[in-house]
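As written, the chains take the letters A, B, C and D, and residue 1 is the first residue of each chain.
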Amino acid sequence: MMCNLKVKFKDVEFKNPIIMASGTFGFGREYSEIYDIEKLGGICTKGLTLNKREGNDGIRIWETPSGILNSVGLQNPGVREFIESELDFLRKLDLITIVNIGGATLDEYIEAVSIVSNEDVDMIELNISCPNVKEGGMAFGIKEESARKIVREIRKVTKLPLVVKLSPNAEDIVRIAKVCEEEGADGISLVNTFNAMAIDIRKKRAVFKNIYAGLSGPAIKPIALRMVHEVCKNVSIPVMGMGGITDWKDAIEFIMAGATCIQIGTANFINPRAGLEILEGIKRFMAEEKIESIEEIRGIV
Amino acid sequence: MMCNLKVKFKDVEFKNPIIMASGTFGFGREYSEIYDIEKLGGICTKGLTLNKREGNDGIRIWETPSGILNSVGLQNPGVREFIESELDFLRKLDLITIVNIGGATLDEYIEAVSIVSNEDVDMIELNISCPNVKEGGMAFGIKEESARKIVREIRKVTKLPLVVKLSPNAEDIVRIAKVCEEEGADGISLVNTFNAMAIDIRKKRAVFKNIYAGLSGPAIKPIALRMVHEVCKNVSIPVMGMGGITDWKDAIEFIMAGATCIQIGTANFINPRAGLEILEGIKRFMAEEKIESIEEIRGIV
Amino acid sequence: MARVISNKRILKDVFVLRAEGRFEGEMGQFYMVRAWDKFPLLSRPLSIHDIGNDYIEFLYRVQGQGTSILSLLKPSDEIKLEGPYGNGFPLVKGKIALVGGGIGIAPLYLAAKKLSQNEGVDLLDIYMGFRNEAILEDKYKKFADNLYININGFITDDIDFKKYDYIFTCGPEIMMKKIVDMAKDYNTKVYVSIEKRMACGVGACLVCSCKTKSGNKRTCKDGPVFFGEDVIFDV
Amino acid sequence: MARVISNKRILKDVFVLRAEGRFEGEMGQFYMVRAWDKFPLLSRPLSIHDIGNDYIEFLYRVQGQGTSILSLLKPSDEIKLEGPYGNGFPLVKGKIALVGGGIGIAPLYLAAKKLSQNEGVDLLDIYMGFRNEAILEDKYKKFADNLYININGFITDDIDFKKYDYIFTCGPEIMMKKIVDMAKDYNTKVYVSIEKRMACGVGACLVCSCKTKSGNKRTCKDGPVFFGEDVIFDV
């Protein structure tokens, strides 16, 4: 049996629904040395900001039970340098390129998105869940009003397909998703990392300089899946689901919860070929269950 | 060196800060057959409602990476039967007895708390984070206004020390904690379980009849710790911290984050003597670090 | 903490694990077993298959994560056993049949051993139904007046209900339900051993509820053995 | 997936693990190692200690969860190795000293082996500092012109910097920093092997940043070997 793994996310066609999550796959180069990454559906770039950022000081990673805390702090070369040095490489690959954009102020976001919008990229993922963003002391992705404002402004400056990446720390994730839809987002992706912390009890201080850091990995999967399910039931635009997907069974759960595409983040650190193996597993499952197209199971729960 | 493990939670004296969390320790009887539970500081009873409840149908427990999902649905004998059959046993123990109260409507809560307040119990833990509670289709513990309303009404009907148990699904957990403080709560406990889900991909349906269930265990610890830290920094009433504490190191983290007492839930299922071993570990740590009283490290981070 | 004495594979996915020590336990009771630290989180309930002065035995089928880890244990490895938990089968007299389906035969070995030693047991028949292949026939035979094996059919069809005062059964719910239903026409009392997912194993958390005519019961504490007619089966 | 050939304890908490297979790798490179499924989550970076036609060796100290699991591996057990990753030490000529502190000696064995085979290496001295007890002296001695061992003191005090064109060092940051500082007065080039917590190991996630005079570098990809004077040490 031939399974059809193609998915259409708004107007963008993916050859399969597997996308590597922002910040865990760089700009694709490193993993391309390990396996044929063109078998994947797409890549989200490391979060880019208008200008280069060196990221956070101190420890940046900490292992927790079935999870990791990270505090990279958006280290990146800036959008211009990205366009200069990395985009060509990505463009030559048979992969959907999604550019993830973060920022500290609304103006920064607008300028970064404007610059990227002149380039040949397939999609923008607007990261409104970055812990370093300040807007009245609040990340853009926590409260409805600030989410509305940024999506509205960004929508004005780009014609590229626009996916808004939500934070699981949002006050009401369904409301925020709806607001994004109302403001013209073409899709939603979720979840980013959970605000969390660890303490070094011998040193009697927080492990991270920033005190809080972002939790990802299998630990968060049950919560992420619930959030993806809730959002999918409440918006009409397509959703990219993520959060702790480490094997094909997890991936199928997210698809059954309603996700059009799925993103793989932390799993790359467990197994660099995780994306490929998840893809193979989905194919096997579809064959076993005689599912011809992913559409048959999407949102079935 | 003698370490002092006594803690005062408002006016209530605990011989040590270890409390068994609601719903994971029954009414103490079963574990008392396994070890000397009077070595602990206190017990929170299984969540009680005004009337007997049979709880949820279908699967009630599902294992996830470093966590469990539960959907017990507040099965309990009702407050009157509890007072009749269980309270005597608890009262005879040298333990602080905390009665956990849940409910479906405000009136139910009020009546249940009123009944319990005539009895010789040490404390009430008001569970405003139970997934079966309806108030405009919203749990009492999600939005600030409904939390304020219930704490205000409950405060009127009880003179017992009142701890309000918060939900990690709250829109703004710090705001809710402050509201509880404003309305006269004597303390805060957090976190209850995270709304989460699992899908049976072969059966193509949610594992739980209620679709969503509550996540607890080590998986949630980094998030719970962050929430406890945030709340401790923002209220002046004492806090009971919990969420994924499985060993003494976790317990110390919560104390350093500011918790006066800590509650142990899921860890009891990993090791029935978890409470005791955590207590011993804390003592050892204090001796090693030459800490004479827990006060010295509480909230140090 | 106990030590593994042996862990023998008797079928592709079925093992008998023997651990060293003086353990308590009656027929039909179980232990919460783990051979790992905190991952996976929960312990696994396993019935006592056999027990002696200085050992305990479990018969288990590899099902998922936990039992896979168990299957890798080697002699002298450590295993954690909490128990015995649960009520167990009643020590009855008269004419008794033990009916096991698949890995459900596990608790019936100790039951056979104990009942065969019990004065006043006039007849002890054992029925075992399997898919594909029978196991441990010889082991069970020595305590049975008659041993009936059924492969790929319905073991329930082989039972002559009127012969028995008591039936103890363990196996798929559908099989146990059928036995309870069929026994209603006779004067045969059926005791069933119920399987539910468990967390605490001791009766404190209420996740293992079994629906009965007198409300929800805790499988781990009030069971796992229930009087068949009381149980409201899921199937 | 590789097979363990041997896993020998050489001190209470120090082991040499040899795995079977034809592996690639230069001196100073490392592998991401795991011998478990998904728990703990991350793989552990370990330097190549030795490599041959049909084996690879790691020298490691038991630190926490991951290395404890490694320490329990027995011959024929499976181990997952991803690599080789990182840049490794440069293949230089002239007069060279290798300076290891504690378990930091691990990568220096392959370095000694390779450099001793390199034409144009006029002098190859090895310095090893330990707390309490020295290990593997004989193993390292065979590639060294001179082997210096220091126990419970400062190995840095033993080094005559002016003798060397190059120093390769691995060990506590404080030791490496001191060497870099002391070497400044001479014409000695120092290469340090930096340890940072890692996730991907391949240069994609940016959690292993090492501060250098030219900005943040990825320890896993741009390192772990850095030119000493470029590094801004944490200590």
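Basically, a contact is a pair of C-beta atoms (placed from the backbone, for glycine too) under 8 Å apart; a residue touches a chain by one contact, two chains touch by 3 or more.
Here's who's who by UniProt: A, B = Dihydroorotate dehydrogenase; C, D = Dihydroorotate dehydrogenase electron transfer subunit.
Computed from a prediction, not measured in an experiment: that's the story for all the values here.
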Report summary line: Note: of the two pairs A-D and B-D, more contacts are counted for A-D
Query - Farthest chain relative to chain A (centres taken as mean CA coordinates) - result: C
Report summary line: In whole angstrom, the CA-centroid distance of chain A from chain D equals 36
Query raised in the report: Roughly how far is chain B from chain D, going centre to centre by Cα mean, in whole Å?
Result: 48
Report task. Could you please state the distance in Å, as a whole number, between where the Cα atoms of chain A are centred and where those of chain B are centred? Result -> 34
Query raised in the report: Distance from the CA centroid of chain C to that of chain D, rounded to the nearest Å?
Result: 54
Requested in this report: For chain A, jot down the residues that touch at least 2 other chains.
Outcome: 65-67, 217-218
Report summary line: Contacts with two or more other chains occur in chain D at residues 38-39
Query - Of all residues in chain B, those that touch chain C in their complex - result: 23-26, 29-31, 33-34, 46, 54-55, 59-63, 65-68, 70, 72, 75, 217-218, 246, 266, 268-270, 272
Report task. Using the touch definition up top, name the residues of chain B that touch chain D in the complex. Result -> 65-66
Requested in this report: Name, in rising order, each residue of chain A that touches chain B in their complex.
Outcome: 64-67, 69, 171-172, 194-199, 201-202, 204-206, 211-212, 215, 217-223, 225-226, 229, 244, 249, 252-253, 256-257, 285, 289, 297, 300-301
Report summary line: Contacts from chain C onto chain B in the complex sit at residues 38-43, 82, 197-209, 215-216, 221
**Report entry** chain D to chain B touching residues, read off their complex
**Finding:** 38-39
